[in-house]
Each structure stands twice: as C-alpha cells, then as structure tokens.
C-alpha cells in the first residue's frame, strides 16, 4: 500500500470527520455484520452478545453515551463491508468499527480502520491474518490455528491416537484448520493417513465419511462451518458405522454446537472437540451469563455471542482507560494487554499482536440427565495464535 | 447425384428430388419431385393435412428430410441451414403471421435488408447512416402499400396489413424463389384479392410457389398447379388440366364443394 | 459382504428422493402453466416449520406432522394462487420471476421474524434413528424411510396422472392447453389443484428435509438451485423425469465425491450441464 | 409529440436522438457530489451495479437470453483487475482494459455453448457455468485467496491526480465516468444495425433464419460484448474498493442483477440503471431500519412493482403514460 496515500487519507479523515470533530458526549459504534443471508444467525448471536452486555453495563461509559449503528453486508462481501465502513466513518461519524461475522468483511473494513485510524473490534472473523491488516484492530473471538493446532498436539500426545484422517470444508477457514491441525499433529509425532476437502455447500457427507472409514484411521479430525452441516456430518458418521465411542472423532466447536448435538441425539455421544467456549462450561460467571442470556433471548449463548459480549467489554474498558477519548490510537493502546475474566474463562489481548489469548478446552459429548452436552475434561491454558510471526 | 442430373435441373429455379420425410409411421412427404421454372407462378393445393406446409418447411430447411435433395438454381442446398438458403435466394412467408410484434414495419424490413446486405454485424454505427438500406426497405413497403403505416408498431396494424408485411419481409431478402404459405389466410374474401394483386405485380424474374385454398384465386393467378395428397404429388398441370381432372375433383374439389 | 460403495450409493438415492419430493411439484406447474414459481421452496420451508412447531410445541409424533405439513403448504399455496399468481399467468416470464422471488424474499424475512435465524433441530422417533445391517452395509433407517416415501410418491403420482380422470385432464392441459379448454376441461381449476398438490409435496419435502439438511429461513432460497437443477435435468412436466433426474444427481454426486473428492463441488453442475447439452429438453422432456 | 418525419432515414435518425429527459438524467447523476456527499460510497456501488445491469440488458433485454450466471464475468473482471494491480501495476485504465479483455475471452468461449440453447435450458446452462466458475475460483485459492478474499490490491491515483479517498469522491467520479462511456457505447450498439438484429432475435427467434439472419453468430457476439462490459463493472468494484471477494462470482450476485434489471425494466437502456438505483437505495434504507428483515420490504417492493407496473418500473410507467396520452 502506498504510505503517502494512507497518511494523506488519515490526515483528511482526522481533520474533517464529523465524529472526531464533534464527538462530545456520545461514542458511536458501527457494527458491520451479515445480518441477512446464510450467516444471519451468526450475526444475530453476536448482536445478542452486544445487547446483553449493554443491558448489564448500561449505555453510558466514562461519561459517554454509547450508540450502536448496525449495517448488514448480506454475506462474505468485502466490497460491501468496505463501503459500509466508509459510510459509517464519513457519514455517521462512528468512532469504533465492530462486528464482522466473516473474514472478507473484516478485511474490507480493516482498510478503512487503518486509513481513518478507527478502533476496530473483530468479534468473530477467525482467519489468523485478519488482525495484521489494521494496527487499530483487536480480536475478541478465536483464531482457527489457535484451536486446531491445540487439538492436533493434544490428540497426538494425550489423546492417544497416532493415525489421523482429516476432513475439512474446502474454503479459507477449513484450510486454515487443516493446515494447523496437521502441522501440530505431525510435530507431536502423529501420522496423517489421509485427508479430504469437502465442498462448502455440501448437504450430504456419506461419500466423504466412507472415504475416511476406508483408511481405517485411529482418529478423525473434522472442520465444518456452523449451520446445517455439523448435524449432517454427525449423522453421516452414524449411518456409515463410525461410532465416536470406538473411533476418536475430534473437531472444532462448530461441529458439536448446541443445535448440532440436539439434532444428532445419541449418535453424538463420545465426540471430542477443542474449543474456547460452551454454554455448559462450569463457572459462576458463565452460569450467570447463560441465565441472563436466556432471560433476554430465550436461547443459549454460543461462541458467537461470547465474542460479541467480550468485544463490548473491550470497548467499555478501553473507553474507561482513555476517559472517553475515542480516537483509534488511544483506544488500541488501552486495549493492548487487557486482561479480564470472561464467561469462557480468563482471556487477554496480546500486547504485541492485538489478538486474543485464551484457554482451549478439550470436551467430550456426554449425557447429563436427559440433555446431551459438551463436557470439558482437559484444557490448555493461555493459548496464543500460533501463526503470528511465522512465515 | 450425377453431373448429368445436376445439369438437367439447372434450368429450373427450384427442384426437389425424391424428397421424403416421415415421423415414425406418419409419412408427411413421399418421394416428391418438383421442378419450378424461372419466373413461374405455381400453386400448391391439396386437402388439409396433405403436407403442403411441411413441403415448404422441407424446402426452406426448417425441417430436415429423411431422403432426397433440394436444388436451388441447380445447386444442391439440402445440407444448408435455413439462413444460408435465404442468402442464396430462397424465401418464404408463414401461414400464421410470424412478425416482429414490437418493431414497426420500417424497422422490420430494414432489419431484413441489413441482414441481406451484410451490414447487420456493424454494432458501432448508427443504423440511420445506412441510407441505401433504409430507402430500399421503405421502397418495398410503399410497393406493398405499407408506406403509410411504416412507423406504426406491427402488432397494432390491421390483420390484412400484417399479411402484407409477411410478404414484405420475404421480399427484403431479394429472393429468386418465393414460397408463400397461404398469403391471404384469415383475410376476408374482399381483401384477399388485394393481397394477390400485390403478389401478381411482383417481378417476372421471381419464381413463385403459393399455397392457397380459394380455387378462384388459384385459377386466376397460377400458371401451373400441383396437387398434393397424403404427402405425395397426386398430379400437376396447367389450371385447365387440373380443372378438368376428375380425380382432383374427387379428392379435393369435390370434397370442398360438397363436403 | 457388499463393498462399501453400495452403502454410499444408497445414501445417494435417499438424498435424491428428498430432492425429488421437493422438486416434482415445480416441474409439473412449470410444465403445465409455464408459470415460473421461484417461491416453490418457500412452500417447502413452510412445511418444515409446520412440522417443527407441531413436534416441539404440541408434541405431535413425527408421522402425524407430515400430512399437516402437506396440507398447510397446499392451503397456503391455493390462497397465493388465487390472490396473486392467477393474475400473472399471461404476464411475461420476467414478471413472474420478479413476483415469485419477491415472495421468496418475504418468506425469508417472515420466517426469521417468527422463528429467528436459528437452525431448527427436531428429534426423530426412535424407530427412524440409527441403522440396520444389510449384508455388512449400514443402512440408515431414516434414509430407508426417505427412499420408501420417494418411491411411494412416484407411484402415487403416476397412478393418479395415468389412471384417473383428473390425471387425464392434467395431461391434456400439459399437452395442449387450448385444445383442453376446447374439450370443456376447466383448465384453471385443474391448474389450481395441481398447483396445490405440487406445493403440498414441497411442504412434505420440507418436513422430510429437516433431518437431512436442517431448516432455517434461508431454506427458501438455498435449495432453489437444487430444485431447478432436478426440474431441468428431468424435463418439464415429467414425473418420471424428475424421479430419474433426482436419482442421477443423487448417485452421481455421491459416487463422484467418493471416487474423485477433488471434484466434489463441481459434480452436480457438471452433470447438469452435460445432460442438458446432450438432451436440451431434459431426460424426459418433450420440448 | 411532433409528427414523424416523412423521410424514413430521418425518422430512424430521430429515434436515436438525445431527449431532454436523458440529458437531465445524466446531469442529475452529478448531484450526489453536492447533495449527498456522504453517500458517495453507495453512489459508487450503484454506478457499478448499473453498469453490470446494463451489460445484462444487452443479452436479456435486447436478445432475450436470460442468464443466471452473469456474475461469472463480473467476477472474472474483478479478479483480473485485482491480479493486474498486484502483478503488473496499479494504473486504473489499463487494468480496466485488461479486465474487459479477459471477461470478453471468457464470454466468447462460453458463447459457443450458450448460443445453442433457449428457455429454461439456457438459464440452467448459464447458472451451471457460473457456479462451476465460482467453485473453481474457490479451489484456486492460491490465486484468488478463496473465500477469505483477494489480498494486496493497491491502486495508483486516477490519471495520476486523484487518489481513492475515504469519502468515495474519486471512486464515484471514476465509476460514473466509466459508466457513462460504456453507456454511450451500449446506446450506439442498440441503435446500430446489429442492435436491430438483436431486437429481431428477441421479438421472433423463429423468423430470424427465414430472413437470412444467423442468430447464433449475433448471440455469440453480443454475449462477448456483454461479458466485457460486466468485466468492466467487476473491475470497477475491485479498483474502487481495493478488495475482491468470492462473492463477486456468486449465484446471489447473478440473481440480484437479474432482479435489478427486471425491476427497472428489461429491454430499455435505462432499465438497468433505474433498477439498480432503486434496488440498492431501497436496500440501504430498509437495512438501515432493520438489518435483519430488509428482505421483507424488498420483497414487498418487488411484488408491488409487478402488480402495479408490469414490465418493470420503466415499462409500467411508459405504458401508463401512453394510456394517459390516449385519453
């Protein structure tokens, strides 16, 4: 990128933007998310997290009133996200950009954050490189390598499997997960006996599951995006005769999320996963969080919701530190190295990379009374994104 | 086909050799051999379902034959596409109007003229610069008494005018042979005369074959009549011969007058 | 012991049957009245939500919800047909596209409003869960059920269309609408009933689909492409065509993914383009 | 209205004359610079969508080829412009030309398939080809960046003077200028002998061979031209936003542009522009009110337009106008 261009733009922005020039008593947050379309539920849960936090903590912080402006991208549209970010900055005068259901959205808006020097809180987009695209960005969700490398190491060392087959969706996050998992698994002495990349819009998994079964692995690693696919692949495992209690099936959290497990029923029992949050996690803070969330939205929170919730926490606490100063430099400085207790456990923002540092929990699907839930039985503490600084 | 055969038919504007076509069991054209001399005015008659329109479809390439050849000015055109036949001078009209509903007659005929003159691929010039093509189109329209409606949208024209536009479109391709499929179909009797007056006034170099049911019209305008029955040529001859043929009376005229 | 590919193929057929039930109604209405109904999957989605609500909130057994899903979609489709679609039978294809896609958009928003954007899982009765062993193959019980339903629907439709008076009227109207009117067939009523049947089947398909592909408000748009593929590959207005197309797409998709997973995302479209280039009117199409 | 001139050449000339309303329209496209300086990002997106819809109009509105895969060319143009800026240089106009040529190449090759089909088969073939290209772009993530989006676009200043600013002034001016130039080309094409042949194909596909026309050759040509225009639209979005996502090739983008064009009125030069403007402004406003439920209001808008103004907004309005004049 042309440095002069950015400097010029920033100068112009700083000099003329309505938000910065006239920010008296409000701090405006522009939330850019895929409120409509295929990923609408992700956006809805992030939004619920935001709403709950504001309900619990009030809409005034450090003497400033918080105002939220929501914008819909309709899906993984980088150009629309960039346009919306521009409009939020120049038209609505927002001080902070937040949300970001999907990586392309975050990448589009990151340019604007960098040019206009706006604090940007990435509450979901999980591709590792996203945070490097603007010096004013922090991430409060998760990165895929953080999870998948932890899963790989854990499976080869403590999980007791040396031969693994990997199945991932054939798109950016899936490839990230595959690369991370295989790298860590091999490094820990495991062997990858086969792998398959499955189409993103794949309604039926029988063929892929059968391929995995043909290889006779000791364990299978799975990554599929949330929505209808987790349940579909889970049932395919059952239909093709792969029993998770006999063959280890480990995945990221999406593949065993609440709806998926509910739809799978008993066939989900024994499924392993590495993840950073589950509504069933046992802590006083999480119990209260889940209770409040249910009271408000009549459903359980998920990792999307917690990303939004913690994102708001970072915004509130940073504003407190800057005493309401809402420029990008001050806010990102305040957010760096921030540590707090989240419903998911202790988390922090890495001072150097601005990325999230958190515990990764190893869980197993078990029966708890009549319900079927993910039960944590092991954890790896304070995991950073492993890819930063790596070439 | 031998060279001699080709030479033998070269005196004719349009010939067919053993033209046959069937759909499964149904034979719609059976071994049809015809020769149309240059400048002839041929009528094609026969009862409904005799295969008259099918024959025109075969000649113009809209329907491929199972067997046989079609020769235009002695050249075998059997394998050519419909548009290639048109380019070589074989044009037709349709029994049911097949026009450009939202174009006006001037645009429609200019379109046909431009296609013939090979200027239709030009996407970079305004159509209006093609003075000669436009004037030629307008000339055809005035000759067919359509000059006064040249700028009216086709589908708003009276039916009789639309029938004339059918012919105008065919003429715009500068045909050597023109096949008219019931040019006055659906037109009230008193107006159908007008249409045939126009047809009769066409250049003598133009070879004509027309399908028509009205025997008065047929006998008045045709120099030669072909009777088609059940997909085969029943008989052919001059109007006088046909009028005198008792077989024709039976299969066609009789039916028509008494049935 | 049968080789595992048979089990995979069986799953393909079962998936195909689901697509068949979802799409056959559209094939018939498109063939019959030339009406482009892009809201077809909205009716399917409606059937899905009916099943979800009845099972979850009213504790109906799964099987009892299926006829309810069928009738709910059929009834709503008659209302829509009477109020909106009728007026557009003579309109251009493009206006039909605009109207029906507009309705599909509305259905997406309405579903999101009433049911949120969440996936709606349902719990199948025990006898449809799990799998049975068939000569060493695992056959999922629900998939077996889908195949049975698919074949039953096909037989029922073919018997109705080939051997009943109503069927004869439908066939006459498909072949030549003008002539059918001339014969005194009430084409409008025939169409309305056919339309309701087709939408009802879509509703049934939507209910059956939950277990396989899930249900959320995007269903109305997401499965439209698959349904259109089945309809075009099968040939407009052909029940057997849709059945054959559904089997072909289901099997080739799954077998292809098994043998050449690298082509997984391409298969269904490659098969469609190849079939249409070979037979532009579809496998059993007339035009 | 003045009576039509007696001379047919003058009459045809008069059909392509600039009308006052047209001139007013184009002058009005400049108003956002002063009236809505904070909406120039949206204005840019509308200009690009309008160009995309205009390209579709050439094949759908003028030649009767309904395509549900037109985003293929938009996407090819966008990725070509992106790759061009990354590996050649960041100059905009050469990037635009490269994108147009690449999209034209894709269009030309696929036109040999497309020209053979009609009706539903044609729609499904275009849809299939579009989705195949979408899947291919996803698989080729080493070039395209896959679903994460294409990274590393940096554009030079337009004409060495104007950088793409945060307000979108340069972006809108640039896109509007390109839209206007391409519009002039399309306008000339429509009023050309070729344009007349296209209208002939749309009005009566069966008659065309009977007047000696090779419709398939015409279709191949217009498909290629339309692809090039769509490629330019894609390049504009890549250059002005410096991002390309896989979405540029998606079925949704293909479907949206059809909806925009039909909403405005297919087969009318301004149909695409009007449709894109109304669709995107409505979407922006509705989603501003309710980001989760704007689909509802867009749906209502479409249903209303079909019921009240058949043949799109322009088609319906001109029919109403004609009715009113006759009274």
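First chain written, first letter: the chains are A, B, C and D, and each begins at residue 1.
To be clear about the criterion, a contact is a pair of C-beta atoms (placed from the backbone, for glycine too) under 8 Å apart; a residue touches a chain by one contact, two chains touch by 3 or more.
Remember, it's a predicted structure, so these values are computed and weren't measured experimentally.
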Farthest chain (mean CA position) relative to chain A: B
CA centroid of chain A to CA centroid of chain B, Å: 73
Chain centre separation in whole Å, for chain D relative to chain B (CA means): 42
Approximate Å spacing (C-alpha centroids) for the pair chain A, chain C: 36
Rounded Å distance between chain C and chain D, as computed from the means of their C-alpha atoms: 33
Junction residues of chain D, two or more chains touched: 135, 138-139, 292, 294-295
Overlap residues in chain B, where contacts from two or more other chains coincide: none
Of all residues in chain A, the ones touching two or more other chains: 36-37, 40, 43-44, 170, 199-200
Arrangement of touching chains [line / ring / star / complete / other]: other
Pairwise chain contacts, counting only pairs that touch as defined: A-C, A-D, B-D, C-D
Of all residues in chain D, those that touch chain A in their complex: 38-39, 41-42, 44-45, 135, 138-139, 141, 145-149, 151, 154, 156, 163, 165-168, 237-238, 241-248, 250, 252, 287-288, 291-292, 294-295
Residue ranges of chain A in contact with chain C within the complex: 36-38, 40-41, 43-44, 170, 196-204, 206-208, 210-211, 213-214, 227-228, 231-232, 235-236, 238-241, 259-260, 262-263, 265-267, 299
Residues on chain C engaged by chain D in the complex (per definition of touch): 30, 84, 87-88, 91-95, 97-99, 101-110, 112-113, 117, 225, 228-229, 231-232, 236, 265-266, 269-270, 272-273, 276-277, 280-282, 287
Residue ranges of chain D in contact with chain B within the complex: 4, 8-13, 15-16, 188-189, 191-197, 199-200, 203-204, 206-215, 217-218, 221, 225
Footprint of chain D on chain B - complex, ascending: 60, 62, 81-83, 86-87, 91-92, 94, 98-103, 106-108, 110-112, 114-116, 119-128, 130-131, 133-135, 137-138, 150-151, 169-170, 172-173
